[in-house]
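In this document, chain identifiers A, B, C, D, E and F correspond to the written order of the chains, with residue numbering beginning at 1 in each.
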Amino acid sequence: MMENSIAWILLFPLFGAVLSSLLGMANRKVCWPIGVLSALGAFGAGIMTLIRVIDSPDHMVVYLFGGWTLDSFPRGVGIEFRADLLAILITLIVLGVGLCVAIYSKLPVEQETPEKEGFFYPLFLLQITGLAGICLTGDAFNLYVLIEVAALTGYGLIAMGSKRAAAATFNYVILGTIGASLYLLGVGYLYIKTGTLNMVGINEFIGATEGLKESPTMQVAFVLICLGILIKMAFFPLHAWLPNAYCHAPTATSCLLAPLVTKVMIYVMIRMVLTVFGVDFSFESTLWSSVLPWLVVIAIVSAAVMALAQREIKRMLTYLIVAEVGYMVGGVWIYNYYGMVGSIFHIISDACMTLCLFLGAGLILRKCKTTRFDGLRGLFSKMPLTMTGFFVGGFSIIGLPPTCGFFSKWYLITGAMVAERWEYMVALLFSTMVMVVLFFRLIERIHLAVNESGENLGKGHGDLGLTKEQTRFSEGPLTMLVPLLSAAAVVLAIGIYNQEFVDLIEIFLDPFDLPGEPLSK
Amino acid sequence: MSMIDFQVIAASGEVSLFPLHLLGMFFGSLGLVFFLGAAVGLIRFPDFYTRMHAAGKGDTLSTMLMLTGFGLVTMEDFSLGSWLLFVKIMGVVLFIFIASPTVSHVLMRAASEDDEMPLTEADGKKSSNKGKKRN
Amino acid sequence: MKNTSLIPVVLVGFLLFYASTDFPEWGDPQSPASSSPVSSHFIAKTGVDTEVPNMVTAVLADYRGFDTMLETVVVFIAGMAVLAILRNFSRKKPVKRGHEVSVEPDLIVTNTVRLVVPVIQIFSFYVLAHGHVSPGGGFQGGVLMGASFILIALSWDLERALTRFPINRCMVVAALGILLYAGIGVLSMALGGEFLDYAELEKVLPVSREMARYHAMLGVEIGVGFTVTAIMFALYANLSSRGRLEGGL
Amino acid sequence: MYPVAVFLLLFLNWVVLSGKFDAFHLGLGVVSCLIVTYLSHDLLYHDRKKGLERRLLEAWSFLRYLPWIIWEVVKANLHVFKLAMTKEGYEEMSPRVVTFETYLKTDFAKFVLANSITLTPGTITMLIRGDVFHVHTMSQFLEDDLLTGAIERKVAEVFEPESLKKT
Amino acid sequence: MGLEIINTLILLLLVVAALVALRVKDLITASVVFGVYSFLMCLLWAEMGAVDVAFTEATVGAGISTVVLVATIFNLKRKSSD
Amino acid sequence: MIEYFAIVMGAALLVLMIPVFYRIWVGPTSYDRILGVNVIGTKTAVLLVVIGTLYDRVDMFVDFAIAYALLSFVTAIVVSRYLNRTISQKEMETREKKAGT
């Protein structure tokens, strides 16, 4: 069990999915327990793997499927999973979010997609399988397959919602397929030039072969892979699929997909840049690295402005995701040690705080039947716990200490200063201002007696101008509230223990030759 | 592919099956000729129904002949494996023999039930004129 | 507006052409893809490692068996997703739409299908079982098998095909296929190897390590075939009738 | 009895396809044939009233029928070739639909008749409604040829000899 | 040498098939012509020696893809009848 | 010599496909196009055997040909069934109109 813990991370949800589809036909009630149990099992296996990774001398656990061991066979004959610190941290985030949402999903699924638990939970669990696999795999083609697993389950999960969700999914299908195909083409070109699909093998080959860096095929492969991933992560001009898909999706779906999919794709980008192509190739021998930081600035600013224009919580949050994607991509491409640390840390913290916000939005939707701003008046006195959780996420996105969002943003801004990328820093600060406006506008609606046009309806002393019925205490059900509050707790905990996380990330980044050394050295 | 080639082959020990190969090539070429007929018919004929005749029939026989020809050509010796291969190719022929008339019928039926496709002789003549103009 | 979509197409096309200026010659034995240790290993050692003559099958089902398992899962997901989106559980009797007039089964078509379907089915089994020695394998066999059921649905009607292969049995078979594949992997894990390390199965099979791989690959292919068959038919049944499983095309 | 016949036929099919005669592959073949027989034995030999001898006889006379139909296919192609390549043939063309009623009773005989008509020169079966065949013909003389019922008699000799005796 | 001739011809026809599939207005016909594309693709795979891929393309292209496309288009017709 | 024969056959088949493609290109009806597609479908089976002869592995390639021969009529059946259904829809509509007036 111990030495196979990496395989079990994927096998628990896989078997859970098959079992819940089999047993779900006989009795729909067993689906939810199976889903929670297998998510829990996967989380346990993930923790076990983390312990093994930290204990191992080079902070790396390699698992070779099919027993094609490295000493008796050349590298890349079989498929290998490489759990280094970054991979296992992101995997744990995926599994944790999966567990949270699995618990949370019981009531929303019963309500929004009645009688379809037998389809929802298999797809849900396979989504976790795919995302966790993307984080762990050490094989470029296997990564593609796992991206397909994650994407297809995503299409299914989103389209299960309303009719508009199905229409939005169609856009997602088209764009997602284009993205995946571009990635696959890039991998094909890589294979032509290097003769292996193993990530480490590709990196070694690039390092050992002369003239490969100037090869047009390699350059195009790099550009295609980046383009594919950028489409998949909804980078600004290519983000068109995301807002509609996520805000029309069923609650449980958007809670699972919104925190994870884009972040995992940014992880893939970091993996490609650092592990596969290597720092030299990615940042120095392509035109790409000088174009992208400017695109990032445009992305952050326009996504923030578009978020400002929304009048609905879920929709506003989707645009915030697009802006956050801009942060992280920028952090990678300013080519700086702090930027990279900030980017990785921001993946972790952004997953947690987006989870918080979406879980909160789901609860609001359940109680108020709407997530439009004007329907939220006086919500704090009605469901204080939910709102506390929601605003912990909100403050973290703004970047208030001691939430985790503050620290990741701190590293990003430090990176921008050290690398003298002032335009990126200005964009970051601008978008922070926008988020302050957004969330304080929400606070105004929810805590104070202000209506949509900004007019004060209350008579002072906490009176909101609402009837007793409207403000009566009525919290959400426990299965939904507990995940939300624990997510909020995690946001705070990561913020408080930020140095431990940064230490782990620094251990991971140590072998890579990035400019701007850590202060501790 | 001159006569010299033939003599070389005849001298190189493949003599035993040479007539069979020749027969196979004859069949193949014959199939090609019939396919030519079908292709020309497919272009020249005035309306869909007559084209269906050309395609349906020319296609069946030419495919059968060509496959039979290749079945004979690929016979290397009279071992069991060769025979089985030949029988397999004849199986392809058989299935095309069953499927091709079915396809003809099915398309004819679909077209005949469509109001926009003229059927009778008088209509056919009219449509043939139209068809000529269109092409 | 319609032609603006040409811009990215032309751009990507230009990129691809630019990339191809640096390609190795077609079939060049010195190219990295041909001379790398990985492909050399596949070419030289497949027979030694697995006793399978068809290298492609060995690479698919053994060396990169994990990929194939996930591809099977992808097929399963496709079926699940289509069912999840289309399947309609409302008790209400659906309204027959204007153009869904039942068409008499055509005599010629039904008789042709009678003749051909058993042959397709036996051919699909042949393709599945001989994946080791000739091209083919679970996926192709499964598609052929699924096509045979689709043919029945096309020539008579969907109900008749569904009495032969009900939709619930479809999903059970599909899930069993994945269970079989992953089960073989877990079994080899339980016997002391890694996941999908078929060689460990020698402890339960009365054969050598190499032949254990050979037989496990057959089992794995059967699993793939199960899933693909069931999902192909389920896809057709749901798509053609909007998830109502009656009437339809 | 019929399932056994189907099984044997399928197994013959398997042997031809497989071409391997070791125990492992033959065993796989037996298993596959059993499964296919279970799945779709009712598709073959739809009409289960006929006895085994009758079936054998049918098979034998069908074999004798094959050369004739193949010769007809060749003639059909020559006909198409003539129509396509020569001017006279093109002008000779006068497509029309002919209707006639058949005395064949079983579905399978009708099926063979329809496909034979499709394969013979210049005619394609368009529609079968009950006993009535609608046939599309290319020219006048072919139509006459069809209505004399030569093909029908040939098919009846194979599948329904008793219907010939009556008339 | 010989294979190159066949290769070139198949590629040319492939382009033609793709263009026809784009040019055709009717969805049904487009999906059927897409079948031709798949046939030629299968030939191309076979010609380049990728036999397993060719087989997959053969079974999927001839058996499944057109059927699924047509079944979907059949249900797209809904708007015109309601 | 067999190789030459196979190459000539393959090339000739592909060249003769051009008229069929012409028919698919101009139509004029969708039936014509489907007809052309079907012709190409059966010829693909032959071409696979031709390529098999060139590689000297007919035993392998004939499997594909069998698959094509077995499945070649699926397309025609599904399309004609679709057309039948939509035609009867048209008929129904005209009948309804007649009944209405």
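Going forward, a contact is a pair of C-beta atoms (placed from the backbone, for glycine too) under 8 Å apart; a residue touches a chain by one contact, two chains touch by 3 or more.
All values derive from a computational prediction rather than experimental measurement.
Common neighbours of subunit A and subunit D, listed by label, are C. Here the chain-to-chain distance from subunit A to subunit E, counted in touching steps, is 2. Each chain gets a centre from its C-alpha atoms; the one nearest the centre of all protein C-alpha atoms is C.
Interface comparison, C-E versus E-F: the pair with the greater number of contacting C-beta pairs is E-F. The geometric centre of subunit A is 47 Å away from that of subunit F, both derived from CA atoms.
For the pair subunit B and subunit D, the distance between mean C-alpha positions equals 19 Å. Averaged C-alpha coordinates put the centre of subunit C at 34 Å from the centre of subunit D.
Residue positions 17, 19, 114-115, 125 of subunit D each touch two or more of the other chains. Counting partners per residue, subunit C has 98-99, 106, 108-109, 112, 115-116, 119, 123, 127, 135-136, 140, 144, 147, 150, 154, 249 as the residues that reach two or more other chains.
Among the residues of subunit F, those touching two or more other chains are numbered 4, 6, 17, 34, 50, 52, 59-60, 63-64, 66-67, 70-74, 77-79, 82-86, 89.
Interface residues of subunit E, counted against subunit F in their complex, comprise 2-3, 5-6, 9-10, 13, 16-17, 20, 23-24, 26, 28-29, 32-33, 35-36, 39-40, 42-43, 46-47, 49, 51, 54-55, 58-59, 62-63, 66-67, 70-71, 73-74, 77, 81. Residues 54, 56-57, 60, 97-99, 127, 135-137, 139-140, 143-144, 146-147, 150, 154, 232, 235-236, 239-240, 242, 248-249 of subunit C are the ones touching subunit E in the complex.
Subunit B makes touch with subunit F in their complex at residues 1, 5-6, 9, 21, 25, 28, 32, 35-36, 38-40, 42-43, 48, 51-52, 55, 59, 63, 66-67, 70, 73-74, 81, 85, 88-89, 91-92, 95-96, 99-100, 102-103, 106-107, 109-111, 113-117, 131, 134-135.
Interface residues of subunit C, counted against subunit A in their complex, comprise 12, 15-16, 18-24, 31-42, 62-67, 70-71, 73-74, 77-78, 80-85, 87, 89, 168, 171-172, 175, 178-179, 182, 186, 189, 193-200.
Across the complex, subunit C meets subunit F through its residues 98-101, 103, 109, 112, 116, 119-120, 123, 127, 134-136, 140, 144, 147, 150-151, 154-155, 249.
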